[in-house]
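Same chain, two partners: subunit A is paired with subunit B first, then with subunit C.
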Partner chain A sequence: MSVVRALYAKPWIWSFVAAIGVWLVTIAFTGGSSAGGLAQAALTFAAFSIIVGIGQMFVITLGPGNVDLSIPATMTLAGTVALKIMDTNDSLILVGILVALAIGLAIGVINYGLIKLLRIPPIIATLSSSFIIQSAAISYNRGIRIKPPAALAEFTTATTLGIPNLAYFALLVSAVAWVALEKGIYGRWVSAVGQNMRAARMAGVPVDGVRAGTYLVCAVLASLAGLLLSCFSGGAALNMGAEYLLTSIAVVVIGGTAVAGGFANIPGIWGASLFLFLVVSMLNTYGASAGIRLLLTGVIIIAVIIAASRSPRA
Partner chain B sequence: MNWLSADRLRLVVPALSLAVLLAAVFWIQPRAMSYTGLNLLFNLAVPIALATIAQMLIMTVNDLDLSMGTFVSFTACVTATFLQSNPLLGVLILAGCVGVYAVLGVVIYLRNLPSIVVTLGMSFVWGGLAVLLLPAPGGVAPDWIRAVMVSKPPFVPMAIIASVLIAAVAHWIVIRSAFGVVIRGVGGNERSVTRAGWSVLRARASAYALAGVFAVLAGMCLVGLTTSADANIALRYTLLSIAGVILGGGEFVGGRVSPIGAVIGALTLTLAASFLSFLKISPDWQIGAQGAILIVVLALRLVLNRHEGRTAR
Partner chain C sequence: MKNLVVLTGLTILLTSTAMTSTTMADTAAKRIALSNNYAGNSWRQAMLQSWETITKPAVEAGIVAAADAFTTAENQATEQAAQIQNMILEGYDAIVVNAASPTALNGAVKEACDAGITVVSFDGIVTEPCAWRIAVDFKQMGKDQLVYLGEKLPDGGKLLEIRGLAGVFVDDEISAGIHEGVAENPKFEIVGSVHGDWAQDVAQKAVAGILPSLPEDIVAVVTQGGDGYGAAQAFDAAGRDMPLIIMGNRQDELAWWKEQKDASGYETMSVSIAPGVSTLAFWVAQQILDGQDVPKDLVVPFLRIDQDGLEASLETTPAGGVANVEYSLEDAQAVIAAAK
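Here is the complex of A and B:
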C-alpha cells in the first residue's frame, strides 16, 4: 500500500523510468559508443518540447476542454517574422526577440478574447486562430528561408560544459515555471481554477485574469520556442511547428499532469520530452522504417499511459 | 410545448449559416445552382460528414478522438488495397478496426484513461500502419464503391442524398433509439445510467465501435471519390470532424450532440472552402479565411445561447 501511495505522490516517475529505459536499450545496441552524443541530442531536441510543453501544461491545468492548438502556428509566425526583421544582422537580435515576444502576447490576447468574449470552446477557438496565424505566416514570407543572425545561430547550437545551451534555457524556463506553480500564488490560482472554477471564483480567485494570463504565457513560450527552433535549424520553415501540436499535449500528459486539469507537474515534462525523443532515435538506431517507427511510437506511448494510470476502476 | 424547443433552436444557427453560405456561392457562381454544380460542391462533404458523425459518437460519451484523421486515412488505404484485391481479407481487417475501437472504449473506461492521450497514441499507430501499407500514394478503389459514389440518381445529386441519409440514420440511432439515449446518458450523468441498471462499459464500447463503423465508411467513401489512397489522405479530418460537431451545435461534454447539426456542420465546412476559392481570395489566406468563417459562425451561437439562457430549459 505504501508503494502505491508513493507512486501517487510522484506521477512523473514513469516518464523518467521510460526515458532511461529507452536510453539504455539504445546504447546497448551501439555498445555504449554514442551514449554521450545521444544524451546531448536528446537534451537539445527535448528543450523545444519542454518549453512549449510547459505553456501547454498551464493551459491544460485550467480544466477540462482547455488546450492550445495554436502552438505550431504561433511558433511558425514568430520564427518567420523575427528572422525576417533581424535579417541576419547581429545588432538587431534584441529587436527580433522583442518582436517574437510581442507576437506571442498578441496571439495570447486574441485566443483568450475568442474564448471569453465569443464564448468559443478553447479547442475550436485556438484552432480557428491557428488557421489565421498560419495564413499570416504564409503571406508574410511565402516560405522564403532567411538565415538567423550568426550570434543566435551559434548560441542555439553550441554547448557549455558539455550540455547544450538550449537545455540550460529550458531549465531556466522550467525553474521559473516551477516557482510560479509550487511557490507562487499564480500556481495555486491555476490549480484552483482547474479543480473547480466556481469554487475558485467564490474563494476570490481572479478567474478571468488567471485564465487570460495562462493563455498569454502559453503563446509567449510558443513564440520563444519558435524563434529558438528557427535559429537552431538555420531558418524558419512554414511547417516547422507541425509536430509540436501532438508533442506538446503528449509530453504534458505522459509527464503526469492531469488531463482533467487542476494538477500540474513540471519534472514530468522533462521525462516525457526526453522519452519521446529517445523512442524515435532508438527506433532509428535499430533501422526501423518510417511506418514501423510511427507504429511503435504509438504503442509505446499507450503502454506508458496504461502503466502510469492511477486508479483502475473498482 | 413550444414548437421551437431548445434542441430545435440549436439547429437554427448551423442551418442558417449553411443557407447563407450556399446563397453566397450561388450569387457569385450561378452555374453552381445545378445538378452537377451541387454534386461538385458537396462531393467531398460525404466522407467528412461520416467522420464527423464518428467523432460525434465519441464526444457523446465525453471523450475526444484525436486519431480520427489517421484512422480514416488507414481505412482508406485498406479499402484501396486489400478490399480491392482480396475482399474477404479487406472486410476482416476493417471489422478488426471496428473491434479495436470497441477495445479502446473498454480500456479507456476500465483504466480511467484520458481519451485524448490514448487516441493521440493511436494516431501514431494508424499512421504507421497506413505508411506500411502504402508507402507511396497508390491503390485502386474497388469498382462497386466507385460506382456508388459517382452514381447519378435522378433529380437529386448523390452527395445530397448521401448527406440526408447519413443525417437520418445517425439521428435515428443517437436521438431516437434506446441505445442512443443510454450513450447520451453516459455523457450526461454516468452514475445515473449505472443506477438505472445499464452497463456503462457496454454503452461506451458500443459507442466507440459504432464510431469505428462510421469512420470506416468515411474511408471507403473517400477512396470511392479519389479512386486511389495515400497514407496522409485524411489527416485534416481530425480537426474538421471536431469543428463540424461544434459548428452543428454539439458540445464537448454532457452528451449534448446533434447528428443533423453535425452533418450540416460538415457541409458548411466543405462549402466554406469552395466559397473561398470562388471569392478568389489569395491562396495564402485561404486557410485563414476558413478560420475566420469558423469564428463568425460560432459567434452567432453566442446570440442563440443568450436566447436559450432566457428561455431556461
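Here is the complex of A and C:
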C-alpha cells in the first residue's frame, strides 16, 4: 500500500500511466498481437526525444525564461556535417562523432555567450542562433543527403535482446544525468539556481558556470541526437530536427519537471517520450483524422499535466 | 570549366537572341523578384538552384534586368506578406511567388497588383484573382497512383496511405485524388493513414507506429513525395514483406528503388513536381511583362519516372537532391499556348 502511495506522490508517474494506457488501447485494436512491435517502435523513437529532452530539462530547470530553441538546428547541423565528414566510411566514425560533439560544444558556447555577454534573453538568443546554425547547415551542403557509415547505421537500427540499441543508449545518458542530478553537486547547483538565482549566488553557487555548463550539455546532447537520428534514418535532412523543438519541451513538461524551474525529473522524460509517440500511433491506428488527432493530443496532454501537477511535490 | 561556362552562356545568349529578337527590348529593363517562403528541404534547395541556373544567364543576356531570389526565415504568411510589401517598395516589375498560404497573402498580392506589378504564383499558389497561377493538378497526381496500382496489381488489396502536412491544401488535394481513385477501383482498400509531413524521418516514425496494428497483407503504399524511403525503412525494420511503395522523385528514394530492382526486380513508379517549376514561373512572368496574352490559370505537368526510365533519372539527379527539369522559354510558351 505504501508503495502505491509513494508512487502516487511521484510527479512522473502520470506520464507512465498515460503511456501504458495508450499502449494498451492501441494493442487492443489488434487483440494484443501488435504489443511487441509497438513497444519496440516506441522505445526506438522515444530514445531521440529522451536524449534531447534531458538536455532541455536541465535548461528549463535553470529557472523562468530558460529554454533552448536551437535544438532542431543543432541536430541538423551536427548530423549533416558529421555524415559528410564520415562519407559512409566506417574508419572515420570516431572522427564523425568527435565532430558532432565539437559542434555541440561550439553551439553551447555561442548560446551562452549571447545570453551572458550580450545580455539577450535565452529564448531570443537561442532562437537567433538557431537561424545562424540552420543557415550554416544549408550552405554547408544544400540538403545533400549522404548515407551513414554501415556500422553506425547498423548500430542505430539494430536491437539487442529484443530492445533497440538506441533505447540502451538513451538509458545510459539518463543514468549519467540522473546521477549528476540526484547524487552530484551539479544537480544541486542547477536546482538551486532555478529556485532562486540570487540566493544561489549568495550561497556560493558558481551561477555562471552552472548556467554555461547546462547550455553546453543541452547542445551536446542535441548534436548527439542529431547524429544518431541521421544514422538511423539513412541520412541527414535539412528539416530533420524540426519536430524536436516542441517535443523536447513537451516531454519535459509532461514528465513532471517544473516549468518554472528548480525541480527536474528524469524518469518522467521516459514516460512522456513513450507517451507522445504512442498517442500518435493510437490515433493513427484508430483512423482519427488529422484535426481530431491534434485535438485529442492536446486534450490528453493537458489532462496528464493537470494530473501530474496535483500530486504533492516531494 | 570556365570555358564551358562562357560557352554555355554564349550559346544561351545566341539562342535567346535569335528566339526573342523581337521581344527582347521590351523586358530588358524589367526586374523580377522571387518571393519564397521556405528553404529548409532538398526540394526547395533544388528550386532555388534552378532559379539561379536559368535566370543568371537570362540576366546576363539582357532578357531581364534582374531576377533576385528572396526567402523568408520562418515559414510564415505574415512574414512573406511583409516581404512582398518590401518588393513593392523596391519597385520590382514582377513578383514570382511560392506562397506560404493560398489566401493569407491575398492582401499583399492585391497591393502589388494595384501598384502595377505582375504577380505570378506557382506551387504554393494564391487565390487573389489579379495574380497568375501556375498550379499542379495535385488531385490527378493522387489518382494516377491508383491507376498505376490498378494495372500493376489487378487483384487489388490493402493500402497504407502516407499523407503530407495536415491542414495544407496540397495534402488535401492529393489525398482526395487517392480516395477518388480508390472509390473507382474498389478492389483496393485503405487500411491505414498517417501524416508523414513530406519528410522522410517523420514518415518513418509515423509508419513504424502504425505498422504493428496493420494486417500483414499490405500490397502497396500510396504517398505524396519525400516519404517513400522512410516508409521502406519502417517496413524493413518491422521485418515485413516490402509492399509496392510509390516514390516521390527524391534521389534517396530512386537509389533505394534501384537497389531493390537490381536485387529482386522490384517494380514501382515515382511522381512529383520538378523543383524547376520556379523557372517556368520566371518565363511566364517574362512573357507577361513582354505584353503577351497569358491566361490566368496554367497547369504544370508532373515529372513521372517509370521502371524503364529509372536509371536515366537516377543518373541526372544529384546525390541527395530531387529529380528535376528546368524549363526554357519555349516550354513556357508551350504551356501558355496549351492553356489558351
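Quick note on the criterion: the second predicted complex is superposed on the first by the 301 of 314 C-alpha atoms of A that agree within 3 Å, B and C clash if a C-alpha of one lies under 4 Å from a C-alpha of the other, contacts with A are read in each partner's own complex, and residues count from 1 in each chain.
Assume contacts are C-beta pairs under 8 Å (C-beta built on N, C-alpha and C of every residue); 3 or more make two chains touch, one makes a residue touch a chain.
Just so we're clear, the structure is a prediction, and the values are computed from it rather than from any experiment.
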Fit or clash between subunit C and subunit B when superposed on subunit A | clash
In the superposed arrangement, does A:A150 touch subunit B (first), subunit C (second), both or neither?
-> neither
Who does A:V95 touch here: subunit B (first), subunit C (second), both, or neither?
-> neither
Applying the touch criterion given at the start, work out whether A:I138 contacts subunit B, subunit C, both or neither, answering first, second, both or neither.
-> both
Figure out whether A:L295 sits in contact with subunit B (first) or subunit C (second), or with both, or with neither.
-> first
Using the touch definition from the top, say if A:L24 reaches subunit B (first), subunit C (second), both or neither.
-> neither
In the superposed arrangement, does A:A199 touch subunit B (first), subunit C (second), both or neither?
-> neither
Now for A:V179: first (subunit B), second (subunit C), both, or neither, which partner does it touch?
-> neither
Applying the touch criterion given at the start, work out whether A:L114 contacts subunit B, subunit C, both or neither, answering first, second, both or neither.
-> first
For subunit C, sort through 59-67, 77-85, 221-229 or 311-319 and name the stretch that clashes with subunit B after the overlay.
-> 77-85
Subunit A contact set shared between subunit B and subunit C covers 131, 134, 138, 142, 290-291, 293-294
Which subunit A residues qualify as touching subunit B in the complex?
-> 64-65, 67, 69, 114, 118-121, 123-125, 127-136, 138-139, 142, 246, 249-250, 253-254, 259-260, 289-299, 301-302, 305-306, 309-313
In their complex, what parts of subunit B are in touch with subunit A?
-> 66, 107, 109-114, 116-118, 120-133, 135, 239, 242-243, 246, 251-253, 282, 284-292, 294-295, 298-299, 301-302, 305
For the subunit A and subunit C complex, residues of the former touching the latter | 26-27, 29-30, 34-38, 41-42, 44-45, 131, 134, 138, 141-146, 157, 229, 233-235, 237-240, 242-243, 277-278, 280-281, 284-285, 287, 290-291, 293-294
Subunit C residues touching subunit A in their complex are 39-42, 44-46, 49, 73, 163, 166-167, 192-195, 197, 199-202, 204-206, 208-213, 229-230, 233, 237-238, 251-252, 318-321
